[in-house]
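Two complexes follow with chain A in common, the first pairing it with chain B and the second with chain C.
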Partner chain A sequence: MKLFAIPALLLAAGLVSMPAQAKLKVFACEPEWGSLVGELAGDKVDVDVGTSALQDVHQIEAKPSLIAKVRSADLIVCTGAELEVGWLPQLIRQSGNAKIASGAGSFMAAAQVKTLEKPSALDRANGDVHPDGNPHIQMDPRRVLIVARTLDARLAQLDPANAAVYQQRLADFSKRWLAAMTRWKAQAASLKGRKVVVHHISWVYLWDWLGMQQIGALEPKPGVPPTSAHLSSLIALTKSSGTLAIVRAAYQDPKPAEWLSERTGVPAVSLPLTVGGDAQSKDLFGLFDSTISKLLGAAK
Partner chain B sequence: MRNSLLGLCLLSALAAPTHAAQPSPPTADDPRMEALETRIQALEANANSLSQQAAQAVAEARAARAELNALKGGAPVVAGQPDATAPTTDAAELDALAASPDEVAASAADSALAAPTGGDAGGSNANAFNPAISIILNGSYSHHSLDPDAYVRAGFPLAGEAGPSADGLSLGESELSFAANIDDKLYGQLTLAVESEDGEDHLGVEEAFIDTTSLPAGFSLRAGRFFSNIGYLNSHHAHTDNFFDRPLPYQAFLGSQYGDDGVQLRWVAPTALFLEFGGEVFRGQNFPSGGAQHDGVGTRTLFAHVGGELGDENSWLAGVSMLKTKAEGADDGFSGDGTLYIADGTWKWAPQGNFKDGGVTLRGEYFLDDRDGTFADPEDPSITSLWDGQRRGAYLEAVYRLNRTWDVGYRYDRLWADDNGPFASDFDPSRHSAELTWRNSEFSLLRLQLSHDQPNADDTDNAITLQYQTSLGAHGAHKF
Partner chain C sequence: MTFDMEGLDISILGPACVAGLIVLSTHVPLGKQVLSRGIIFIDLAIAQIAGLGVILAQYLGIDEHGFGVQIAAAVAALAGAGLLSWTDRRWPEYQEPLIGTLFVLAATGGLLLLANNPQGGEHLKDLLVGQILWVSYAQLIPAALLSAALLVFMWLRRGRLAGLWFYGLFALAITASVQLVGVYLVFASLIVPALATAGMRGRGRLAAAYAIGAAGYVSGLMLSAVLDLPSGALIVWTLAGCALLAQLLPAVRRSHPAQAAAETVFDASA
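Moving on, here comes the complex of A and B:
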């Protein structure tokens, strides 16, 4: 009997010293959702972010390091709407993690909101079209707030012990976010009705919110790299429309935008698109502060 | 209101985590209630001071009370619930942008695993659950300086799909693949391959397997016909390769690619480093096995892969694998015990981690093949001899991706023959290949490959190949 006493004691000690509950592990596909989880959960969860603002999230490799991160996640927070179709399914299947394969452990932000640009016809001759609509919803603060609410409910569902904390942090975030939205809208009042040329159709939700107008894209078709013939065809349009700016994301090749800028005199502007896209975009608030101030800078 | 408070207190007492320390105000200890009470107070004050907005504020206060009541019932906050704190953004505006409950339900049911069909959500469309279908169309033109029919590889018989491609125009291998979640616990995939051989078309089942999606602790089980997970290239479909054909050791030891009917168990460790272990048992019908020995479980494999990253720009993957088989009358005339050891390594570098826009991929694999048995000539079974010896093979390839459109690559592959046994040879075959690939999109490419092959001491085969490869239908997700 004594033989078992020591292991039993060790086991008991081990059980007692173990934390009551391990922290919820969250894998965010993109920095904006990592930042949102941070706002809603603070230090109650561990967040791994799979990609950076300098990467094109349409085109990520299913790297071993990402499989390892997804393997230990309790919740994945991704954009969905096929933005990650080229890599996320592979990560999920290779990780063997049943928790996040479907159900409560899988949170797709774009599924929580109404998307724009849902194609009426699906044909790859039109480029990289997404059947569920344009997935770049993070540039609309209204939609971010909706995502925050449903994401918060999901966090509370998976981690009921901290539900009260999530609730409180959501209330706090909503308050600060709504105040910031009022400020941004006021700052951006002069941008209403202004026209922009974009590299990729990454900001349709921002234009929708601010009442701006996208008149052209450097990519001849979504996902198809700019060609010189297509860029040439944009010169007249860009010049004649009183265009505010030629806009690209931090990860996109600056050359096409600069080429068109030189020939039209319209400033080329690099916008962060997600958290970490420039020095000011340290969180979601900084992302919009920076985006709006850069657009206003182009208007001067 | 008293009932609500009572309920909330009760709920918070039940839900309060032991370690969620928080200051206890005299009236209540639930921050949710506190927050909501504050919000209601703010709204009521707002209603008083702004008389022209009074009606709206009262409505919002009412909504907040409803939220409080919902909390009392333990219901989570759901999308579209009016937010009482919205001073400028109309709650209705947010409601209009939120996905309707129907849409959320539909997309939740559609797991990230299955490629969506693109049909209307809901509805009673019989095709709504059709699997993701993708088709690989492939074709090539090759010209060899040495007649492919006269091609002899010293020390290595051409078993399975080994050997040079046919001269002239050919279809290559075109694939049709179906994949979908079967239910909440299983995923299934069927890949049919169309091949043309001597003017005859063959439709073959290349892969047909089911995967579990719900085993705990990082385990997954696969059953059916599939490509073994040994080495690096073996589990990859040929259309994801950087070169037109498989490297020499794959041709010599695995007949280009080993697939069979079997079962696979795989486990991914819960570590920061990617660590994967697994094993398979196969029927043992296909080369390098044959004759489905041991009552139809003639081949066993073990594999381990480890991988990680150094910053955002560098990723690596390495592995060791072993395949053990008992063969009877394999394609190369072998009967007996065969063991194949493989070591593989891949390193990729890309500026900022944008692998499709530039960077370098380096890959190498090393093979050791050990035979202990007998040889009977497949052409004339009366010719027999002992076959006991080792052969080796290796390849190294480097691909430089210039941009999203172009890549250029070089590969050196070679084999080391055995100086004893039925295929004794003093000469070791080797080959140099160079490729240039142009991609119109991620769905189509055109590839030019030049190769200089010395299959035996007397012959040299210089070949040029132009290949197109396209993928249509569901958007594939490829392995690293």
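Moving on, here comes the complex of A and C:
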């Protein structure tokens, strides 16, 4: 029921302009999945993206439009692995949309791939425990490709009329993606074995793919300021290890990374982390182009 | 600016609107007292202490979901209220700075506790901070019952709440409301309607304050849907906007706080 009666005219216009079959409506929690849906479905679906690259996806501000978008969605594409645990459950509950609460309408990208840092035993003494592993899987192109394949199958399942289109677009995307992966790997060959310090552990998949090594983190526990003992050992470690760069995400506060950079002479680098994180990251391809060129820039 | 009529949906805005009205029901009369006592930051301090109580409870092994949290928050808030009621009697002239000090101690105490908390628990700090749009009708029932009980109690005492009673009632009301609508809205609901009507007296003042509060919540929720902006933050602004607009009414402005009520507003802390 609408709070305001929609003028009959508008309603009529909407009915007339509505296509014979309504488009599949997709709600993506993060820009990288919105971009992936765009690659796989083109104009066959309507995509809304819930968050931007310049915000911390662990927490978001509630807007009425967000609930309205989830309410009308046929499919939600999110990361899962507790990344959105602070808001997605409430959003789904408020939307009252059973289609996307579970089952075919709910697609969790992290559940499609093997996650890293998954605790073997659920021991709360091990620090900030994510039982499903590190959720930031979008920074590994191999995992992105796996997600693309399962997501494509899900789109075809929900919208069989366009299954052939999805299949054809997946084939096209896979071809371009594999070619890009070969190019990125070649460009990044010199980065192999290099060491980095991070702001927060958002990049483990990138290091895993490029064969780089993370030697420390400025903020090991999110939201909890580091202790002085931790920082002094981090300075010593950063200096003595021939560290390539101090890496932070575009949305994170630059001060800690710059602080460490000043004391160690190691350059601080801001990486996009997702689509839209910098000017070059207009899509998934741009995201990796930009990430690798920024890391190479630090190596010069 | 995008106009988004999709969000103008009673089933989306309805629970939030009811939550706002429930919060207003107790906060408008309490806000009047807070203002006359000159202790406007007490709500932030109480909310912070309730949060500290939850963190402490987790240390003692109480599950972070469920009823234990509410008990821990309420006990901590009441303990804080007891302490503040005592300092109010002991050093009434320093009550406001003492409240401020307690606020920063509770906030940073939480940080210190969490620093060595094996679970890290970034969300623990925010456990007691609600967002008005996430409210469900099921959550509203206990809050409505508590508010009704508090209102009956205030009515029985004819609005005159001495030391410990005031602080105790206040602590319970704040602990419940912060979880529904968040600290910014709690602060605004307490202070803004009371401030806007500071020049008025008696029942008329209460009615005007309720009207300003309700207008602020309803217009804020609708604007946030149409303009696609975060609801909580926008309601704070529409509350202030409605309070300013109300000053155009001669009945509200008649004896302006700058003249008549200046003493009553600031005397308690002077």
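The rule is simple: the second predicted complex is superposed on the first by the 262 of 300 C-alpha atoms of A that agree within 3 Å, B and C clash if a C-alpha of one lies under 4 Å from a C-alpha of the other, contacts with A are read in each partner's own complex, and residues count from 1 in each chain.
In the analysis below, contacts are C-beta pairs under 8 Å (C-beta built on N, C-alpha and C of every residue); 3 or more make two chains touch, one makes a residue touch a chain.
As the structure is a computational prediction, the values presented were derived from the model and not from experiment.
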- Message: I'd like to know which partner A:Ser241 touches here: chain B for first, chain C for second, both or neither.
- Response: neither
- Can A:Gln94 be said to touch chain B (first), chain C (second), both, or neither? both
- Task: Would you sort A:Gln214 into first (chain B), second (chain C), both or neither based on which partner it touches?
- Result: neither
- Task: Based on the superposed arrangement, let me know which partner A:Thr227 touches: chain B (first), chain C (second), both, or neither?
- Result: second
- Which partner, chain B or chain C, is in contact with more residues of chain A? B
- Message: Taking the superposition on A as described, I'd like to know which of chain B and chain C A:Ile67 touches: first, second, both or neither.
- Response: both
- Task: In the overlay, answer first, second, both or neither for which of chain B and chain C A:Ser270 touches.
- Result: neither
- Task: Check whether A:Pro131 is in contact with chain B, with chain C, with both or with neither, and answer first, second, both or neither.
- Result: first
- First, second, both or neither for A:Gln187, with chain B first and chain C second: neither
- For chain A, give the residues common to its interface with chain B and its interface with chain C. 59, 61-65, 67-69, 71-72, 85-87, 90, 93-94, 96, 124, 127-128, 223-225
- Message: Quick check: in the complex, which residue numbers of chain C touch chain A?
- Response: 4-13, 15, 111, 114-115, 118-123, 125-126, 131-134, 136, 221-222, 224-225, 228-233
- In the complex, chain A touches chain C at residues 1-4, 6, 58-59, 61-65, 67-69, 71-72, 85-87, 90-91, 93-94, 96, 124-129, 221-225, 227
- If you look only at chain A, which of its residues touch chain B in the complex? 20-21, 51-52, 54-56, 59-65, 67-69, 71-72, 78, 80, 82, 84-90, 92-98, 101-103, 106, 108, 111-114, 122, 124, 127-128, 131-132, 140, 142-143, 145-146, 149-150, 152-153, 156-157, 160-165, 167-168, 170-172, 174-175, 178-179, 181-182, 185, 223-225, 251, 253
- Message: Applying the document's contact rule, which stretches of chain B touch chain A when the two form their complex?
- Response: 12, 15-20, 22, 30-32, 35-36, 39, 76-81, 83, 85-89, 93-94, 96-99, 103-104, 107-108, 111-113, 115-116, 118, 181, 184, 187, 211, 213-216, 218-220, 266-276, 305-309, 312, 315-317, 348, 352-357, 403-405, 441-443, 472, 475-480
